[in-house]
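Both complexes below contain subunit A, partnered by subunit B and then by subunit C.
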Partner chain A sequence: MMGVPVNPAAAAETPVPSIPAAPGRRGEGKLAALLLAPTVIGITLFTLVPIIGSIVLAFFDWDIISTPKFVGVKNFQTLASSPTIRVSFLNTFGFVLIAVTLQIAVAMTLAVLVQSKMPGWLRSFFRSVFFFPLILSAASVSLIMSYLFNEDFGTINKLLGLLGMSPVHWLTSTTGAMVVTVLVYVWQNFGFTFLLFIGGLASIPQDIYEASDIDGASPMKRFWQITMPLVSPTMLVATVMAIISALQIFDQPYVLTKGGPGDSTRTAVMVIYQSAFQELQFGLAAAIGLVLMLIIMLVTWLQFRLSKRFVFYM
Partner chain B sequence: MSTATTTAPDLTGTPARRSRRGNLAPLAGRILVLLVALFLTLGPVVWTLWVAFTPTDEAGRRTLSFAAFSDAFAKVNMMRLFWNSILVTALCAVGQMFTAALAGYAFARLRFRGRNALFAVILATMMVPMQVTIVPVFMLIRGMGLSDTLLALILPAIPTAFGTFLMRQYFLGIPDSLAEAAQIDGATPWQVFWKVYLPLSTPGLAIVGILAFNAIWNEFFRPLIMTISSENFTLPLGLVSLQGQLGTGSMSTVLAGVVLSMIPALVVFVFGQRPLREGLTAGSVK
Partner chain C sequence: MTDITRRAVLGAAGLGAAGTALSWKRLTGLDIPGRGADQLNIAINGTAQDAAANQGLIDAFSALHPDIKVRIVPIQGADWSDFFAKILTLVAAGTPPDVVMVATEGTQLFAERLAHPLDEFVMRDKEEMREFFEDVHPSLIEAFMYQGNLFQLPLSWNAANMYFSSKAMERAGLDYPREDWTWGDFQGHLRQMRKASTGTFRPFFWTNRLWGGVVPWLYSNDTSFLKPSRYAGGEWLWQQFYPGEKGRSGGYRWAEPNADDPKVLESFEFLQELVAENLGSSPVQGGGNELVSRFGSGVIGMTPSGGYWVHGLNQAGMKRDDYDVAFFPKRRTQQHQFGTAGYAIMRASKRKDAAWEWLKFCVSNQGMGIAQKNPDSNSARRSHNTKLYKDTGPAHWKVFYETLDRYPTTAPVPAPPQEAAVETALIKNVLGAVTGSRSNVKRALATLQRDLELAMKES
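On to the complex of A and B.
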């Protein structure tokens, strides 16, 4: 897991001006400046200035040794024309599409099952189990899975062999490598989406189900006409957070396949890493980073728009 | 008559139980799906423990022993990796707790010009993925003469927008009357923060600290970029490079290292699961 998945859009929706901005009482302004200094200086130095730095750098050629050379939009042209970079973005989008769909489907199914009739201790047991992979490092998980999915001695192929199947080229074929990357990623992260759904399901008032019961609604009808509309706010937030986090995938393919075979599991963040720290094309890396950030901002903006239109709030 | 007496309590007594959601599939089907999910989630972890504790001997058989663990210590500077990870994680966690408490308090309780605008800017930085800023941050760290040091991992990770947001929410939940009472008793704004609010905010601080632990302990991307020499590696990076050195032959040794690196995370999981859960989902569930 790369950092903490947070949902800036949802956080930003909590009212900022919750306290009236009154004129400062004596001493409070100075104290505030003192208390804010570490955070404000830190965020300025390590986030705000670097954003500007990335924007500027994207228009330069720089190998960290010689002086930076202004090249205009050349880096963006390279980005658009380089087959490797184009493939890595397509891989990322494909990965996001498949991994997020799977993650939402698995998490939703399990959340509905766990929220159904079940003793409380059993419910918290499942919650803990499904949460567990989130505390592991993506690097460790990928190491474990690289052995499990090994073509020659991996346990998964051995189990398939017991069923009479021939060994699958998990990490050595283009499709197999992507499948494993998706599975490993979803294995580690579905618990987060699951927790969001558990929270969303718990907030649905029981009497609606009781009413539908009296009306004789079938379970399927209840799920699609009551549960789904009422968890739609959670569904939207969970989907957007899953997309944002999946767009930044790096650790799993780096450890599992180093982006291969060929370019089949190379991702957008991986080409940022390779352009900068292996090929010393810092300007190009900055340009790729900016494009990725624009995509993430677009997704967040869509969340805002969609939540106003399609989501049913109680 | 008898049917009336048997159905009546069912309708009036526990109507909620009849109509609980999730009655999509019959009970057996639901149990089966959950058991499969349980097996798939825990299987790889149990398998890892089994392989780590049963390295292959000369005859190629798997025997129960700690040999893989001593191997991990012998083949890689495991103590060093542990120490680096502990140092970086602890300093980041403490640093985040401290700076987030200060800033969160200022945003929640103090009045100053531009407060809302500043808070909005800080919230907005949460939208910026780390991969976007990594190149300039790397240059900055290099310019500060800190490349290939542990400080390169610690310093940029201390200022936390999310932690500030969490602590602000926490301080907003503490009643105003406490501050007023302390002020009437003659406390300065700083004393109100230090002696009244900070001691009451330990649960919020715990969330920030546990979140920082989970994020920093498991971090791979930044250490990969910021550190060059193996004596500055943290555990995830060290373990991946260990696999590279050993090839695929010494599976037990690598997995023994993985097991060791999981122990602190497991301790935090056992004691900090609830705060971690609340912190991760903060601001997303309405």
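On to the complex of A and C.
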């Protein structure tokens, strides 16, 4: 290389050139600031300020019309003592556990099947078909599903009737309502997780599979000992995103059951909406929102902490 | 990386500032049609098409009051609670409308927090208003009174009457029910209908909501899930416009939960029995639109509904004699429930006089004739109601207004200022009470009582 001394002694004598101030370094900083400014301003105005506003509001009693009144931790006491709010959080956790597990399992299974030997056009077809529900509005999907699952006149019960089965109380029993909510949610959302897994599976080097073939590994062994460890970073991202999304579930149970029967499908976000926009208790709604945000943060942090044990980076 | 000069930064900032200035109206919402203009803003619960349909009304009003500019603001709500929430958002944003269409569900909420009483206007124009009150049943007026003041003038209303499919009645060999038919008669009718039917036919279909859900069964059993009482006051109106009327008040008062009343239990047990016997559906939530098509296709025998169904059924292809309507069956009483709607003037409005002119015009014979051409709700005016239904309604269309005339204790659905929380408490506990075993009923009502106590406390 030109200009680099070969002789170590000579090298020792050669003064190490200090890194010159990069031309335009200050200019780059300004450019960076300029380019980042809209995002920073946007996030500050539309995310940080509302978050801070909500935190403050959680300590006030406000009905949108009257002047807010400082009430200290009263909203948090109400939150802790309200049976409806307590049940809504339990429902949300139960929903997250079932829906996310199902969503990940379905997405992973289908991704592995689609990534296996399959003509390219068929693979594209399945990718589109599985992703399609995600682009639909959750409210309209839920509305259509509410007709399909209607106990008296719904298509599902009609089909069950043709098979000689009795009608199922899909939306009018506590278990049925939750089952439908989970099914509708998973059907609509697994497509995104599926695409993540497709990407994760595609990034696994083929030579590892080829080597395992030579070693005579069974398909199950290949799945558990190659696919799963190597797709684990994707699994982490998919699970974190699925949990955050599921913790915020609102549209599906709101349209399908309005939270009923009883409180059986009432979720935390639904209670936030009802407290704020129907019962005009904006302070209480902010307090519930704050607790939910803390839960989401805690769950996400825990996932990343635990991920060190099961996520394998190549 | 290209160096960026101070000049370039200043230039970019200048361009940004110029862009912001140019789009200022958009950014601040000043370019929204009508915003900031000196006009009477009237919020209705409906679509842009509904607003456009009011153009005839606006034109006629403008001919009378050329100095008052009117703009209808359509606000779509999934239900009345949703609509009120959106109105409150406008209030919080500092852009409240001058006049809002409010249904019974929101009357007391608006009266307590947002609406301006009409007393002074009504009394100022009492001679002009006399003809209106003579044509309107006092129950509708009383429903719009709160703590002795009047807050709205009723335009439309609907009581829960019993609709039935003529074919289902004929198939079951049933005649039109007696005027004072009972819950037992009703149950007998359902049993006969079921015996004579096949397939997915439901003798009785009902929805789980405040209006037309469980409330008519409570009212006709002389009870309610909130203890009904009345506010004092209102003599100024009753003496002036309804001098012969006795027992009217300053408005309905719903302050105490009443779900532990044995008569409430009895009503719920009756409904539970209908569901258990497979005579009645497990009540789904939702509005009546979906029901129209089901009733029209003959898979429902009976269902509670109001005059607003007539237009929908006509449009669904049903002929006048394909269905009929009767009074609600009685238990201890034959008190019916109703809901009504009318315009309220906002307390914050700076155009209250103009708003009053709009209210007066809308309840006038001319206004009602323009605004309501189809039988899609009962008219508050007895005379206009006749025009709406006599050529298009079912054989017993007179039942609609006679619900008030024959049963003057007929009352609005319970809607205190905390209506949203109360309605949620009711709806969420109904299904649990009427679906499943008899033992569920008591448990669900205990929860309802607890939820109502919380709802009333949180006011």
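The rule we apply is simple: the second predicted complex is superposed on the first by the 266 of 314 C-alpha atoms of A that agree within 3 Å, B and C clash if a C-alpha of one lies under 4 Å from a C-alpha of the other, contacts with A are read in each partner's own complex, and residues count from 1 in each chain.
Note that in this section contacts are C-beta pairs under 8 Å (C-beta built on N, C-alpha and C of every residue); 3 or more make two chains touch, one makes a residue touch a chain.
None of these values were measured; they are calculated from a predicted model.
Asks: With the two complexes superposed on chain A, say which partner A:31 touches: subunit B (first), subunit C (second), both, or neither.
Replies: Both partners, subunit B and subunit C.
Asks: Output check: A:292 vs subunit B and subunit C. Expected answer is one of first, second, both, neither. What do you get?
Replies: Once the two structures are laid over each other on A, A:292 reaches subunit B alone.
Asks: Counting only touches as set out at the top, which of subunit B and subunit C does A:182 meet: first, second, both, neither?
Replies: neither
Asks: Return first, second, both or neither, reflecting whether A:242 touches subunit B, subunit C, both chains, or no partner chain.
Replies: In the superposition, A:242 contacts neither subunit B nor subunit C.
Asks: What is the contact status of A:199 with respect to subunit B (first) and subunit C (second): first, second, both, or neither?
Replies: It touches subunit B, and subunit C stays clear.
Asks: Given the touch rule stated above, what does A:126 touch, subunit B (first), subunit C (second), both, or neither?
Replies: The first partner, subunit B, only.
Asks: Output check: A:251 vs subunit B and subunit C. Expected answer is one of first, second, both, neither. What do you get?
Replies: Only subunit B is touched by A:251; subunit C is not.
Asks: Between subunit B and subunit C, pick out the one touching the greater number of residues of subunit A.
Replies: Subunit A has more residues touched by B than by the other partner.
Asks: For A:277, select first, second, both or neither according to whether it touches subunit B, subunit C, the two together, or no partner.
Replies: Both: A:277 reaches subunit B and subunit C.
Asks: Quick one: is A:173 in contact with subunit B, with subunit C, with both, or with neither? Answer first, second, both or neither.
Replies: The second partner, subunit C, only.
Asks: State which residues of subunit A lie in both footprints, the one left by subunit B and the one left by subunit C.
Replies: 23-24, 27-28, 31, 64, 147, 150, 153, 277
Asks: Which subunit B residues qualify as touching subunit A in the complex?
Replies: Contact set of subunit B toward subunit A: 15-24, 30, 33-34, 37-38, 40-42, 44-45, 47-48, 51, 98-100, 102-103, 105-108, 110-113, 115-116, 118-140, 142, 155-156, 158-162, 164-165, 169, 172, 188-190, 193, 211, 214-215, 217-221, 224-225, 235-237, 239-240, 243, 248, 251, 254-255, 258, 261-262, 265-266, 268-269, 273, 276-277, 279-286.
Asks: For a test of understanding, state which residues of subunit C touch subunit A in their complex under the given definition.
Replies: Per the touch definition, subunit C meets subunit A at residues 1-5, 9, 12, 81-82, 85, 88-89, 91-92, 113-114, 200, 202, 205, 208, 281-285, 290, 294, 299, 418, 420-421, 424, 427-429, 431-432, 435, 444, 447, 450-451, 454-455, 458.
Asks: Tell me, which parts of subunit A touch subunit C in their complex?
Replies: The touching residues are 23-24, 27-28, 30-31, 34, 63-66, 82-84, 147, 150-153, 158, 169, 171-174, 257-263, 266, 274, 277-281.
Asks: Would you mind writing out the residues of subunit A in touch with subunit B in their complex?
Replies: For subunit A paired with subunit B, touching residues are 1-12, 14, 16-19, 21-25, 27-29, 31-33, 35-36, 38-43, 45-51, 53-54, 57, 64, 106, 109-110, 112-117, 126, 128-141, 143-148, 150, 153, 155, 187, 192, 195-196, 199-201, 203-204, 206, 209-210, 212-213, 219-220, 222-223, 226-227, 233-234, 237-238, 241, 244, 247-248, 250-251, 254-255, 269, 272-273, 276-277, 282, 285-286, 289-290, 292-293, 296-297, 300.
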